[in-house]
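The first chain written gets the first letter, and so on, giving A, B, C and D; residue counts start at 1 in each chain.
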């Protein structure tokens, strides 16, 4: 039995949610470049997500963003998704694009605006009741740009109150997943800037509140896998938003900037019980394909996660533990690196073939004609964008 | 004679160009919040800039951005500005918003696109011939997002060639000012990421090519005043783009994030001969007023530069040198800090009154009725924005 | 009544502990420069600390570091300190200089070494019983240098167990204060790298366990005053280690690198109830005077804290709140900055004179003859150092 | 012919200098941990370096550090090295450990101290005349800790003068290699903090002056391979100091923190002509093995460079260029990553066997008995250290 064969079965547990917004146009504050074939409707976004799932077998769920993906008939949308071979997943709220939220939503000093932000989340929960989604993911753009502009302490207290109201409305099997972010779009302070704050807030809520770790939302130099370890240890790691970065929240393809970091993260996920049949950590992408093609960008991303999961599973744990406890620094490091450097790509191709999937999903997509079709079909209308 | 009186005259040399785009709407990739009274035309932007000059006496020039500020009749625009009490200043080129420039402009692998980018700069020079502007400021968004995506070396060579072509077209009294930026909108590599690259490129051009230092365009922890010192020493500091930051290129009001850093920068400017009647370093703002009012934001900004210039002028140089050469670390530091901590605001109010300016420009603007007027008048039309 | 007069009384509550080790030699891994007059004994360190208190009136307590300051007769040392006019304060443990702790102390995989580290803390508590010290401050150098070298999760669990054992031994009025640090001396992972981890660990212990915030122990760009706000909100801010930094844990004089940051921190301390007669947050210095004179370096440091506390007290809270709730970004920022820019140095000189203290503590020390005396007296012996 | 076979010959050009000081004890400012078998003499350091060369075939030269490696009889030392199978290489100067250099060496305001620093470099050149070394490598610790402490501009001018004096003394085939470093041991300003300053200084000297790039000496987020590209383009990349880092100048084993970054660097080295029979870029290690065994640490390091050089050579350049010029972002990135992910370790083992080297140098060293021998033999004496 090869090393890969010992882990092949475990790979069957890997599922990665794809975000509907990844298929729309995105960019920087300087320019959003358009691209042919961009979806004009949420249905077209779901179709694109399904195209990713067909060639990878990894992405059975699509996350939605409200209000971007708001529809009259949620049940019809769920049926549409099912017809495409995917399900509706996590619901993401949005309190950063309404003019009322210029100075905050759930943290706003004006009770009426705060109430509006809360109501938006209750609407999201209504939608979740229809879609059967488990997770309400909350990322807050709230913060301030200038020292003195706002009262950080009062905002934190208001946030706690607002989250409590939302939490109370959760259904039995629903979770509130609170995401943190180091900075942007606020440039002086952010109301949930770090995992400590997210943890503090969810601990005050209860068992159904957990933390979302977006891999791009940390200060330079932060040891992200340490945070993964800690949140798993505390039973509070709810989900990942995968992407990668060189500088700020660059939202590049996961694993493209620092593949070894992704490996280390997956090692801690596995070490801490965050992966496997009984684990309840949701893996999601949250990326922007500003200049590359979006569907192949998503395929590349989930393959990167799959490849690093495979490498992480290959770590020889008994040998590693032995070296660690012997104080053998170089020996332990070498065992660790051996898994990272093992080229599992050919084995994964076989693994896919065994499961009726294309050996090379990137090529399979390129040859499928799907891209040409959407570029031809999707003429007119307004391409979806942030 | 008070300490302030010894430096009051020197303050008369301070001039800060304001950018036309600061009066339009700006924001982040997440949202551009609008505000009442936002200019719909370049003329309205110039009017707003003139309002800043009227209350501060510091901003006699307005920088333009092409194509945002492109007009049929440049001479008429210059006359309009003169009527408002200001002049047209630096011309800023733009090769980051045309779809052709998705993968670069002056560095693009396709010669036709490169030529288009060069031609855009030649058009800017044509405009400068009409406006009498001295400086063509070039900030390049060029770069790449993924390792392997592009050939950084070939791009650098193409950049050198393209800049050469532009440089050749400069008039006798014109300058090419090359700006560098650490990252954004490109997230893996940027073609002019640091002062070393900008210097390398302008040295290859000739005497009329100089470097623009944007205070927000550096890696975390960078000692910016050191770069100011070095570029002045080499005779290559052409201009400043002033703003401030906590994280990335936040484009906040200059002096708002780290006033002591602004002080240190001004100290080096003065030490290196970059300020005074014979200096040819252009001071400019380059900021985004995403959530604050734009005209008061500009007034606050130029006042911050003025206040820090005054404090920097107050440094007791002979005493400082003596302490430095005595190896008196704490003594030298204290002399330096004494200037920074001196509250010159009341003296500056007197200084303004002596020159027929309002003692408190922020209040003067608020009471002028200008803001209410533009909010009433500027209804309909399309607010200008990036 | 001037603005300063309204806050003068509040300044009487300011007390800053000085660390005994600040008077010994320190340096970088490259070189420790010696200086004449450096203490050879803990008594001489206490004398130096007392010299700081005599001219500032701000530093009635000296923190000790075990084993550096271990003595046979703790009571005699306490008496000696009392004779000098100061008290013994916080006890700092040390598990980073014994060869056994090369791979960790409280987190070590070897139970015997872990036990040794725990016993060291119990010894510290014994000392505290004699000195009457309230706080046992624990900074851990524990971590690893290479990915794979150690099991971060197991270490975190062992840390929790070890801290529990120490916590159990605390006397009624004693506290366990856990310090976090971003990195150094470990370069891959640190076992208590951030406030979230410190909080998590102290929450698991109980009421008498709190967090120490060292201002130099954060990732680049971290909003430290936000953490101050959050820990105060949670009732878990135990103490400060004050110092300042440009890059890593530079351990420079507090307020010398970014005085505005120190101001913002003090504003949040006051806002959150961390300062005043009933507050139980301990202010301490933790700095290295590598190249400057040590006693004047300490005087400068406590004066910087005092000056910024005064400025922070000057913030016009009602006006600030009004501007904040009106969404007046620039107005609120200006009220905030007005306090920062107010030059309170002359008022503080008067305040000192009113209390029988020298108006200018730096000059008073220089003229006291103390420095010349110790440089003459302290010849021979081994200067104390890290 | 396999892909590896096409590049196997090129690997014969790889040579990496090892530094004598890597075999001595090193640590952080907190603690230097000793280890059995540490050299007590420069000869023992050279023996250890030879042990690395025997099992890797990659390190025929040992760099020396003066005064650490100063000997009476340089010729005898060279003979000793030759007997061990290695040569003496780059000479590194040291102006950071003499008390006179507390406030700088080549930049010091006192001419006598500056002269002393210059003379030290002239002594190094005398040694180089005897050893036949090509490179005088100059890393300066010069800088300051507090704003205002020193006159950065005057220091830069003095540095230029001092380097000029040293440069004048270079022999025909000798080079002056100037290293830059972002910070440490100075914490406010460093006199040669970035590649731009190093370039500026060496350009003013002449052809025989070049820049040393230490991979750990940059601000967070810096794109190091871009600097490699630029310096090669300008013909000014003299040498590398290889190591790796997560935070500051951690001096960890090269390739251990971010192997993909090392790959990208080697790709640019090859792209820019910095590798091969005619290239004159010197590859060196500059690391600290604080907690791991030193000789195996060096072996691991040179193997990492070798492995990444092999992967970098595997990049399919024609295919990459085609994808780049087609604007195929994902295609180009995939070609690039394909080389990185190719596991060349088994091929390299064969390559070694073909050349009479052990297939697995780490195991070969472990089994050689050398480590046990030195641990037994080197008892007594003073272990060498920084």
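In the analysis below, contacts are C-beta pairs under 8 Å (C-beta built on N, C-alpha and C of every residue); 3 or more make two chains touch, one makes a residue touch a chain.
Here is each chain with its UniProt name: A, B, C, D = L-rhamnose isomerase.
Not measured: the values here are computed from a predicted model.
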Fewest hops from chain B to chain D - one hop per pair of touching chains: 1
Any chain that touches chain D and chain C: A, B
Gap in Å, rounded to a whole number, between the CA centres of chain D and chain A: 40
Mean-CA-position distance for chain B and chain A (Å): 38
Where chain B touches two or more other chains, by residue: 102-103, 145-147, 182-183, 188, 220-221, 223, 246-247, 256, 260, 291-292, 329-330, 333-334, 337
Complex interface listing, chain A residues touching chain C: 102-103, 109-110, 145-153, 156-157, 182-183, 188-190, 193-197, 199-200, 218-223, 225-227, 229-230, 232-234, 260, 264, 268, 271-272, 320-321, 324-325, 327, 329-330, 332-337
Touch list for chain A against partner chain B, complex: 26-31, 33-34, 96-97, 99, 102-103, 141, 145-147, 182-185, 187-188, 220, 245-248, 250, 252-253, 256-257, 290-292, 386
Residues of chain C that touch chain B when the two form their complex: 220-221, 223, 246-247, 256, 258-261, 291-293, 296-297, 300, 329-330, 333-334, 337, 340-343, 345, 362
